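Per-chain numbering from 1; labels A, B and C assigned in written order.
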Amino acid sequence: MSQVNAREYWTDMNRAEQGVATFMAVTIGGLLVAMLAGGLDPTYFLFLFGLGGMFALMSLGLNAQWGFTGLINFSVAAFFGLGAYGAALMTATNSPVAGGFDPIFGLVLGLVLAAVFAVAIGIPTLRLRADYLAIATLGLAEVIRTVILNERDLTAGSQGLRGIPGFFENWPVLSTFPEAMPGLRIEIIPGQPVVLELSFWEQLLNVSLLLVFLGVSFFVLRRAHRSPWGRVLRTIRSDEDLAKTLGKNTYWYKMQAFVLGSLVMALAGVFFAHLNLFVDPSNLDPITTFYVWVAVMLGGAGSNRGALFGGFVVVAIREGPRFINELPPAPVRNVLEGIINVIPSVTVEIPSIVLDAGPLRLLLIGLTIILVMRYRPQGVLPPQRELIWPDAIDDDEKARPEMGVREAKTGEIDD
Amino acid sequence: MAVTEQFLELAANGLVYSSIIILGSIGLSLIYSIAGFANFAHGDTMTVGAYATLIAFGAVGGAGFSILGLPLGFFVALVIGIVVTAAVALVTERLVYKPLDIGSIGLLITSIGVAFIYRALIQVQFSSDSRRFDIDRLRPIEPLVEYGIRITKHDIAIVISAVTLVVGLHVLLQHTDLGRKMRATADNPDLARASGIRIRRVELWTWVLGAGLAGAGGAFLGLFNLLAPRMGFSELLVIFAAVILGGIGSVYGAMLGGLLIGMIVSMTPLLSTVGIPIGGEYAAALAFIVMVLVLLVRPEGIAGEPVGGG
Amino acid sequence: MLAAGCVGTTDEDNGDGGSADDDGSADDDGSSGDGGGDQYSIGMVDSLTGSLADFGERNQRGVELALEDVNAIGIDDRELDIIVEDSEGNGQGGVAAAQKLVNQNNVPFLIGAVGSGVSLSIYESVIQGTDVVQLSQNSTGLALSEFPDLLRMSPSGQSQSAALADIVTEDGYDEVAITYINDEFGESLTDAFTGFYDGEVAFERAHDGEQASYSGLLSDMNGSGADAWLFITYQEEFATQVNNMFESGYEAQLYGADSNRGNTVISNTPEGSINGMKVVEPSAPVEQDSFQEFSSRFEEEHGEEPTVWSAFAYDCVITAALSIKAADEFTGSALSEVVRDVTRPEGEEVFSYEAAYEILDNDGTPSDIDYQGVSGPIDFNEDGDPVGTLQVLEVQNHEYVPIEFREG
């Protein structure tokens, strides 16, 4: 790889990428400022970051199915749930089948369940055309959710599984890390200290686990996408008949992509179990599937970076309404009123609608879907250079010949 | 309880539930074949109809004579609810679907966004608690009880109303100009356009009829059970199962599919009685499995046209 | 004091003895995540929406009155502030709400929740392992008794189940059909009931919450042949079940637990559909002056008499306030040391926040007072459960009427 300096890197990015990078920088910067000023608790920030990463992970998985291969999979929530339940059934205190095992077993069980059910769902559905695949996967995901909800002797039903330990609870050094770390008190603005204590270090461990999962998945999927295998998938996506003509067993390829994506989604579920420490059938509600779809659509189908970006935006949509329950939000309103009321003898109160978090979330998701489909259906960061090996891009301009070929041969000039 | 008694009881209830499903599945099938995509907002369209009727009934009131236990005001509210639902669908079509040029999968995904917006707006107004129409509940019809059939006059009203609407649709499709054009467009859009049919008008009418029927179905569902913002989405997959079983593109297939799926869902408790350990709570899951089987074995369903390539 | 911009460890802050213990919650300057330096902020997880919304409403009314009483005097010149989050009546919502309160708002004391499964999930997934004190306002499921650090203001449902078993037998039914909500609360009370009941359980089945219809379930219940039907479920679900029963023409003698009764049931069911139903729930000490005063204030404000649930919520707030006053510092560990003592039988009996505060203010220790709540003597035992009595209500003319009291 050739050396790239920062300035060149910036101008190399297209406008969309620059926009996203700026947006991310501003957002992360803003959050850091809020934290250092004592306004946003660091532990809660890490929790939100964990959630964002989790959605990003699921988006990576869906990307492997929809982005690479064109499979409209509406069963994301089911695989997320299977991963979460696999982890929980092995480790939760009220697990009807096991409980108290090391989380590694939960990880294995979650992945195994995902693989098994991916094949089970894939067999009847992967031959179907796109819209039927969507409906069928949604239906089968609901079947899985219904079974988990009702087979109380296996899954504890709607009570849920609780008392799930952290992932590293049995590891030699890491399990004592949170207690061993000193409580830190950072005071940048006097009177507004930032306290980093036990819960912070615990959450930091969780986030590290997430970053490992994310890193591994991102790396594996990127390699897969650029490989000949990935190329077949892309051919299937754009023209399945062509792929068949080329002698590829498209069904088999689709199955592989489906299982691969489902494994990544289950990984997200395992992480969720050890983050939330509680799992119940509501985690398999179809809305989770649609959150992940929004993330992938926003990011751009086929783009792994876009999937990451989309994941974090979706968490903002999901958790934001907890804090903002008026439209326009109170701080915005105060600022606007302050500006308008500067005019003497004018006292204006900007009307606001009070909204509960529930409907506000639905509204935001619905609007996001419609706006993306209307104005940028290819997503914010559609894959471009991701698909090309870096070596294949020349950073130097190729020398242009002085004359065209015909000129060179005959001396005539083309108009 | 004797198996026959339970059978009759479940079958009677199933008939009412099927009527509601049929109202939904006809609309979905029409939209699927003429507008060309799977409308995932159809369930929430039913919810819109239910709540529109609720509001209208609140305004109109329960005065006037009663038919089968339902005040005249309810029927007036029902008509208002149907009209409002159709209007909402038209506005949505104009604002959201028409400007998009992205193929049927894109429209499918967009309709999910529309579904969320419908539900969000209703939930803002009504919170997520359940409600009922302010109509007195009725005891079951006496003479039928000894046969094990426990239905009320409201149930009869639902079935009769649904049948009326369906017959009306049949008349429209078979004996009117618009109906002829709709059938032609569903069969072969290019030929229809070539023979001078204004596709745009046919499409708009499809939305009106499809959403109107769904709205009626929603109102009846609210009467049969209760109203809650999730009510339509919960039935969406069942309605898809009905449409797929019946065959997309065939209104009569949708009716048959609706009847069959509605009965399967309602009569699932019978399985435990005859020794198959699938409880009533798996009724909807059973419908979905039937749907997947249909897609595997005979994707065109009972009455639809054979499915072409992907 | 640390200079601005310096980083230090929190070890130096922990007042006496520089203990290596650094896992307390909010610091002792009163400046936690929210609220200024003139407030003590605690958290509350309540069912503001969802199946248990009726309880949420009752609780908030009790909390309002309690805050009036506490902040009329204050706690060491500071006001008590309660940050309320909605559990939406389910475990996932409760856990998310508790996460926010504990991690973002750093509360050392958490009142929550209503549903027993929700309280347990919050405890095992969020609270356990931290120092936060958890006091459930309304949970009656039996399993909470297994966790001594999970306190509750409402007595265990075990006594309700025993009483129901006795009542069904006394009414002459030797067969009963039971259906219960499929969560911790429903399961534990049903198990206890079947343990206590001498007759035959002809039918026993769980049901899911928030369903549009329960016709199938009720049809099967009817088929069991039992004439006594016991419902252990929440109000929305029970209202739907009553409607289904009515429209199917089923008749039976109905029994229910504390969770069934509420305005949602009355306003959503036909007149006369549940007449004769008997319900058992915890009772408030109706003879006690402080309760009567509470009751009349409540009636003035809301136009109806309070249920015992409002009284529980009221007492939760008062107990929290007294604990804050009595504790050395505003941290979870300090509060947990005193929270039981402020209501235990050692000490002078006091019946109001004012009276208790006076004693504590004059160098009193927590064992010098025995707060008697408007819901009863409280007196947390070693399982974290209070003492209580029960009352039996009967539905007459579509209204709940108390008919007798029983010992808990």
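Criterion: a contact is a pair of C-beta atoms (placed from the backbone, for glycine too) under 8 Å apart; a residue touches a chain by one contact, two chains touch by 3 or more.
Quantities reported herein were computed from a predicted structural model and do not represent experimental measurements.
Q: Which chain pair shares more contacting C-beta pairs: B-C, or A-C?
A: A-C
Q: Please indicate which chain is farthest from chain C, where distance is taken between mean Cα coordinates of the chains.
A: Chain B.
Q: Name the most central chain, where centre means the mean of Cα atoms.
A: Central by C-alpha mean position: chain A.
Q: Please compute the C-alpha centroid of chain A, do the same for chain C, then give the distance between them in whole Å.
A: Measuring from centre to centre gives 38 Å for this pair.
Q: Can you check how far apart chain B and chain C are, centre to centre, with Cα atoms defining each centre and the answer in Å?
A: 42
Q: Specify, in ascending order, the residues of chain C that touch 2 or more different other chains.
A: 49, 208
Q: Two-or-more-chain contact residues of chain B, please, as numbers and ranges.
A: 127-128, 281, in rising order.
Q: Would you please write down the residue numbers of chain A that are in contact with two or more other chains?
A: Residues 149-150, 356, 358 of chain A each touch two or more of the other chains.
Q: Using the touch rule from the top, collect the residues of chain C that touch chain A in their complex.
A: Counting only chain C, the residues touching chain A are 2, 4-11, 13, 22-24, 27, 31, 33, 49, 86, 88, 90-92, 95-96, 99-100, 102-106, 117, 120-121, 124-126, 128, 130, 182-184, 187, 206, 208-209.
Q: What residues of chain C sit close enough to touch chain B in their complex?
A: 49-50, 53, 208, 210, 212-213, 215-217, 219-220, 222-223, 236, 240, 243, 246-249, 268, 270, 273
Q: Please give the residue numbers of chain A that touch chain C in the complex, ascending.
A: 38-41, 43-44, 47, 93, 149-150, 152, 157-160, 162-164, 179, 182-193, 195, 197-199, 203, 276-278, 280, 282-283, 322, 356-358
Q: How about chain A: which of its residues touch chain B in the complex?
A: 72, 124-125, 127-132, 134-136, 138-140, 142-143, 146-147, 149-150, 240-241, 290, 293, 297, 353, 355-356, 358-363, 365-370, 373-374, 377
Q: Write out the stretch or stretches of chain B touching chain A in their complex.
A: 37-38, 96, 99-100, 102, 104-106, 108-110, 112-117, 119-121, 123-124, 127-128, 237, 240-241, 244, 279, 281-282, 284-285, 288-289, 291-293, 295-296, 299, 307, 309-310
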